[in-house]
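Structures given as structure tokens follow.
What follows is chain A paired twice: with chain B in the first complex and chain C in the second.
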Partner chain A sequence: MTSHHPVNGLDDVVHQRVRLGILAVLAESTRADFTFLRDTLDVTDGNLARHLQTLEGAGFVEIEKRFERRRPRTWVRATAAGRDAFAKEIAALEALIRRVQ
Partner chain B sequence: MTSHHPVNGLDDVVHQRVRLGILAVLAESTRADFTFLRDTLDVTDGNLARHLQTLEGAGFVEIEKRFERRRPRTWVRATAAGRDAFAKEIAALEALIRRVQ
Partner chain C sequence: MWFPLLLFGALSLLSIPVVVWLGLGWYNLFWGVAGPTGGLLTALFYALAGRRIGLEVPAVPYLVALVVIVAGAAVAGAVGGIIDEPRLSVAGPPLAVAAGLLLIARQTRSVALVWLAGIVGAVDIGLLAACSAPTLIAVTVGFAYGVPALVVGLGVVWRKRRR
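Now for the complex of A and B:
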């Protein structure tokens, strides 16, 4: 039984609510900017920055800071590893839902 | 957009991986004992105890310690509020999965 419960297939890096949200938004578009992520996920700048850092550290997102019209803008993209990790999380959640229904 | 992303419907108390696992196990049976939860979710005693305390503090589980055959045994049950919170989490996860597929 031990390793077979579906929650054991969940990776804390991806499962955490805000990080799951970031990867979900990035599953719908090639990139998203910091402000859009912050407003969509309803988090503070600091909170979003911290979770982006965790995802970047795991190799799941790439962060690009640049100037557009003389203003700083931060773009975030999912890496191939990030898309894989997100797909695995969704599969584990589906297994969990099937099990409890 | 802000409040409409499905991850905004996830409650951190319930969403956290180990706590989600506890409530998932309790969705399948009226009660579970500490050892069974620990082995099923593959966590340490201390980790499980901490997450049970969080769920108990939120009113989502009831914990009963008693002696059976002169040995201490800890039983855990989901409360009605715990079952409701788990059902809401599952519904939010289903909405998230529908959205990204």
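Now for the complex of A and C:
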């Protein structure tokens, strides 16, 4: 019975608040830049960078650094694996809510 | 959200003197040009705004809304001409606009746009049922969409500037 508990469907990489927030923003968009994510999720530059590295390492986001109008800009987009992982996380959370309510 | 509200609100009010002074033919021509042009300007606005604030959203839902508006308006106008019912030619396009607004409202989660679409749709259907004069329908719908759109659009701009 325990192996079928909904919490077993939660992904530790995705479930963390900031990483879940990043994937939630990216799930509804084509791509978002570093500043937008930082301000939206109310985190510091260093904190966001660390979580982006984790997601990039898992293959859930792609990070593109470029110069726009001579200023550096970092764009982040969710990969197919990232969108899939986010959808599974939401499904697991929904299953958990259904179970405990 | 303020840009399409202000743009289409202004165009709606601008369409009133067109239909009153120049007639239904010019009115249909006005919307035939202003509708798609306004839709493309809106799409361009969202694309540039997304790039500026750092959040690019998929263009497909907005393009679908634009297609619904343009195709719906064109079909209503054509059918109204074929069956010789100018009221349909005048009242049909605003219904297509209301449908497109609902699609955009769903995408942007905008309650204001839902209300606006509802007002336009209700006024339009009511006029279609009760009014026999196409020019009066055009003028009333122009006011019914133009005034709330401008008020809501200016309200959104005002709130953004206060933040």
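Quick note on the criterion: the second predicted complex is superposed on the first by the 101 of 101 C-alpha atoms of A that agree within 3 Å, B and C clash if a C-alpha of one lies under 4 Å from a C-alpha of the other, contacts with A are read in each partner's own complex, and residues count from 1 in each chain.
Here is the rule we go by: contacts are C-beta pairs under 8 Å (C-beta built on N, C-alpha and C of every residue); 3 or more make two chains touch, one makes a residue touch a chain.
Keep in mind that this is a model prediction, so the values were computed, not measured.
Trainee: Report clash or fit for the pair chain B and chain C bound to chain A in the combined superposed model.
Mentor: They fit: once the shared chain is superposed, the two partners occupy separate space.
Trainee: Looking at the overlay, does A:His5 come into contact with chain B only (first), chain C only (second), both, or neither?
Mentor: first
Trainee: Of chain B and chain C, which one touches more of chain A's residues?
Mentor: Of chain B and chain C, the partner in contact with more residues of chain A is B.
Trainee: Considering only the touch criterion stated at the top, classify A:Glu94 as touching first (chain B), second (chain C), both, or neither.
Mentor: first
Trainee: Regarding the shared-chain residue A:Val13, is it in contact with chain B (first), chain C (second), both, or neither?
Mentor: neither
Trainee: Is A:Val61 in contact with chain B, with chain C, with both, or with neither (first, second, both, neither)?
Mentor: A:Val61 contacts neither chain B nor chain C.
Trainee: Where does A:Glu28 make contact in the superposed view: on chain B (first), on chain C (second), on both, or on neither?
Mentor: Once the two structures are laid over each other on A, A:Glu28 reaches both partners.
Trainee: Chain B and chain C, closest CA-CA distance after overlay, in Å?
Mentor: Checking C-alpha atoms only, chain B sits 9 Å from chain C at its nearest point.
Trainee: So which bits of chain A does chain B touch that chain C touches too?
Mentor: 25, 28
Trainee: In the complex formed with chain A, which residues of chain B make contact?
Mentor: Counting only chain B, the residues touching chain A are 1-3, 5-8, 10, 12, 15, 17-18, 20-21, 24-25, 27-28, 39-42, 86, 90, 93-94, 96-97, 99-101.
Trainee: Considering the complex alone, what residue numbers of chain C touch chain A?
Mentor: 53-58
Trainee: Contact residues on chain A for chain C in the complex?
Mentor: 25, 28-37
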